[in-house]
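I have placed the structure first, in the form of structure tokens, so that the comments after it can refer back to it.
As written, the chain order gives the labels A, B, C, D and E, with residue 1 at the start of each chain.
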Amino acid sequence: MKSEGLSPIVQTIAGILFPMILIFSFYVIMHGHLTPGGGFQGGAIGASAVVMLIVAFGAKNIEKKIREEKLSAFESIGGVVFIAVALLGLVMASTFMSNFLVGDIIFGKIPPFGSNLGILNSGGILPILNLAVGMKVIGGLSAVVLVMALASKEEKNDI
Amino acid sequence: MRKRIGAVVFLVFFAFLLLSVYDLHEFGAPPSEMDDYIIKNTQNETGANNAVTAVVFDYRGYDTLGEATILFTAVAGVMVLFRKGGENEE
Amino acid sequence: MIYNVPFLAVVVLIAIGAYALLFKRNLIKIAIGLTILESGVNLFLITLGYREGDVAPIYTNLPSGRGMVLPVPQALTLTSIVIGVAVLALILSLIIRIYRKYGTLDSHEMRRLKE
Amino acid sequence: MNDWIVTNAPILIIATPLFAAFLTPLVDRVSKRGRDAMVFVATLITLVIAFILAKNVFDNGLVVYTLGGKSVGLTLPSGYHVPVRIILEVDGMSVFMAMISTLTSFVGLLYSFSYIKGEGSGKYYTLFLMMLVGMLGMEMTGDLFNLFVFLEILSVSSAALIAFYARKGKPLEASIKYIIISSLAALFVLFAIGLLYGEYNLLNMGALAGEISSEATFTFTTQIAFILLFASFVLKAGAAPMHMWLPDAYGEAPGAISMVLVAATQASLYALLRVCFTVYSMAIDASTIGIILISLGLVSIFIGATMALIQINMKRLIGYAAVAEIGYILLAIGVGFFELAKVGGGGVISEYGLKALQGGVFHIFNDVLDIGLLFLVAGAVIYVTKESNLNKLGGLAHSMKYSSIFFIIGMAAVSGLPPLNGFASKILIYESVYKVSPITSIIAILASIFMLAIFVKIFHSVFMGPKLSEFATCKEAPKLMLGSMAVIAVIMIFFGLFPDFVVNNIVNPAVNALMNQAGYIGSVLGGV
Amino acid sequence: MALETTGGYWSPVIWLAAFIVAFLISYIIWGMGEKKHAKGEQEKPFLSGMEEPPKEEVHIRAENMYWGFTDTLRGYYDFMKKIHTGIINDYVLWFLGMATIFFIVVILPEVFK
């Protein structure tokens, strides 16, 4: 346990910062259709939170908590949601990927033309897709970093 | 020998690329037929304030699907490379 | 045209990346070269969409009387960046495995497949 | 319901394998058999949709599909004159390629079920489906940037699959060479797309073709962009002297992947044809491009055939033969393009130019089938013996009777022996190339004989001779592998016995679609 | 039932018919040959009175199969082996080099026109 990871100070601060970064990432994802940012950017922020934990606590310890298969499954769910929403556009409206929620109850408000303050409840399928992509990116990037970090640990006994 | 050929090829190739961008439209004044439509209609067609997000997820959402796919593919690829076992395959 | 200096800078960036691909022997450096090349192309896409004096294409709190830069190149760049990340992840993991197998990062020694 | 499928076929053909690929890791956690069944069903559905789509396109001509639009056929936003959304454009050539991709993937999947064992098989099928998605995406799309995205999907999934047996070391080397080369090519493609976008502010191929074909808007930058696209796709298609990555990749990939990689290479070739014939067509100096294509083809045939002779690794040898086969296609396409340039955009192409195009397009299908069958047999040999060095193999015909029969069929087809399919397309190529340049045609025929010599070498050293003691316990390949080889062999014999049927019903629509630039533009911009 | 080519046509059915006819003729000729064939001594090769080596050693391995051909063209093959270096940098150089050649061939004439 001692050989893995950084000093307790770093570990504690990383533990405190981790939920904050996740919340910020969630904010960036959910406001993707209003402010700069979106699924990828927010997902990258969220993945960086996981990477911070990996750096602070060491890959082996993180792996005991979250297996990379779980992260990969998380990513898969994101992908499935994305394509399911896109296919729903085909079923509910006319074409694949059509924005069938505009004018509907959820995310259906149309903002006034020109400069405005932004309405969270707008954008049609965009926020849902943002969320799906965010899940994908968080899962995918942290899985990659985790796998690569684990692999570089194994190096010594594998040559 | 190899280095000399490489240097010549390198210089000629990038001379052509320089010429091509030199001949491009003036910086800061691009042609914008397609984009003007998007800027004008983003709000009433997609309901999003952010035109970039509207392009990413609505107008060119299919590209984003492809891009999410590519990330997924790369993750699967990395996991295949570092998979456990596989000592006695092929 | 002097106005096209950003475009010229893009080509220089691409040239730096191509230089690394052509003349560097270390695989990591080759990967870096590829990344620089890709940054050059991304920069090119972004510069294509720039309109003088305009702001980002977001209506939230848009300053009045300002136009917007083109949104499509930004979307393309976003796509291209993520693709770059994916490719880079794969290349780096391949390099890790190759180093473990071959014991070297020299591209001139990585030639069990030739002729 | 039926209408719904026909209308939405262009996207369903991509969405089905993509959805299955995303589901694979989830199903894999539950049940391995369920995963196999799902992947199989998804690929089968894709194959069926490909044929539905093909029938629709052959009957009714070009099909467009506007993604996210108010209706499928609404390519331009109402009241506007340029396309904004991504549009799928499926013409005869697209469905021709889609049939190749889905067919090879389906057969390759059957083969993989008995070939791939152990850890990582779930990821294998994910990546396999991604390869199918990449190929189909490239072939269906009518948007240049979208083409780039799917090109990258194809490259990344292929690279990961080439390195599947990473423990052996050599696959890693082949894979990293492949991924670096292909992402370099893809980046130049992206740069060219950027140039075109900066010049015309368009990404749709049909609309771009409309702008490019008018003299007023054709510029120097457009030409540079063409060369970048051309060089990159020629590289990805594996033409000599940029072929070096190809034997590496083909030689080290797992059994079925080598075959699917052939189809993947043809997808890049399709992109090359799309750029040359549809986007640029007569705007560039087409006769020069035709001559370049002819010379590339000639060099590919020559280098591929001669280099194959000295290989001692079985799959690498077939890889060099594949380079030569690509050469035949490029040769024929080059002659067709050259002839097309003579008459300009509007005139009627000469008889032999048309025949050359027919031969070239027909040979795309035949190449995939022939080389694919040989790769499948080679994979079976490696699966049984764990050995790919030709010097060490021998006497396998005693234990692998069926495989050796399939190898003979593949060998005869690839070297153009009648009455198999390879001969039918090659005779079209030889005779029409002879009209343009007799010496080229003669070299092509000689190289074809050379190919027979090469494969006799493999056949002799792998299957002939006395039974060797180290392979005494080897048995015939598993039934599923033999079955998938049989599927390919039956198609090859069918194509060989009824070449006129194939040319009239499948190849001709593809050739006509290639030459019909105005139709492609008109389908986007509306009645030009 | 025939594929039209530039110079004529290609019909597998006619080819098959011709093949069968030729096969029958050769079969008949073969059938007219010597019926009696003594098995045994006659089948063994005569190697100046030496023992016949076991079959495994006589089997020609792949590397030696076209030795005469490759040895004659040694210059060509040495050159080919030299350019197939297997170094990734060279692959990149081939790509850029060919692209440069395409640039020069296609674009330079346009520039000076």
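Please note the rule applied: a contact is a pair of C-beta atoms (placed from the backbone, for glycine too) under 8 Å apart; a residue touches a chain by one contact, two chains touch by 3 or more.
Quick caveat, the model's predicted, so the values are computed rather than measured.
Among the remaining chains, those touching subunit A as well as subunit D are B, C. Among the chains in view, D has its Cα centre nearest the centre of the complete protein Cα set.
Using CA-based centroids throughout, the chain positioned farthest away from subunit C is E. Interface comparison, A-C versus B-E: the pair with the greater number of contacting C-beta pairs is A-C. Comparing the CA-atom centres of all chains against that of subunit B, the greatest distance is found for E. For the pair subunit A and subunit B, the distance between mean C-alpha positions equals 21 Å. Subunit B and subunit C have centres, each the mean of its CA atoms, that are 9 Å apart. Here the spacing of subunit B and subunit D, counted between their Cα centres, is 23 Å.
Our note on geometry: subunit C versus subunit D, Cα centroid distance of 28 Å, whole angstroms. Looking at subunit E, residues 80, 84, 86, 88, 90, 92-93, 96, 99, 103, 107 sit in touch with two or more other chains. Contact of a single residue of subunit C with at least two other chains is seen at positions 14, 18, 21-23, 30, 44, 48, 56, 58-60, 70, 72, 76, 78-79, 82-83, 85-87, 89-90, 93-94, 97, 110-113, 115.
Among the residues of subunit B, those in touch with two or more other chains are 6, 10, 13, 16-17, 21, 24, 30, 32, 34-35, 38, 43, 49-50, 52, 54, 56, 58-67, 69-79, 81-82. Pairs of chains meeting the touch criterion: A-B, A-C, A-D, B-C, B-D, B-E, C-D, C-E, D-E.
On the side of subunit D, the complex with subunit C involves touching residues 145, 149, 152, 155-156, 159-160, 163, 166, 169-170, 172-177, 179-180, 183-184, 187, 190-191, 194, 197-198, 201, 203, 247-248, 251-252, 307, 310-311, 316. For subunit B in complex with subunit C, the residues that touch the partner chain are 3, 6, 10, 13-14, 17-18, 21-22, 24, 26-30, 32, 34-35, 38-39, 42-43, 49-52, 54-56, 59-60, 63-64, 66-67, 70-71, 73-75, 77-78, 81-82. Residues of subunit C touching subunit B in their complex: 1, 3-8, 10-11, 14-15, 18-19, 22-23, 44, 47-52, 56-60, 68, 70-72, 74-76, 78-79, 82-83, 85-87, 89-90, 93-94, 97. Per the touch definition, subunit B reaches subunit A in the complex via residues 43-50, 52-54, 56-58, 61-62, 64-65, 68-69, 71-72, 74-76, 78-79, 82.
Across the complex, subunit A is touched by residues 56, 58-64, 78, 81-82, 85, 89, 92-93, 96, 100, 103 of subunit C.
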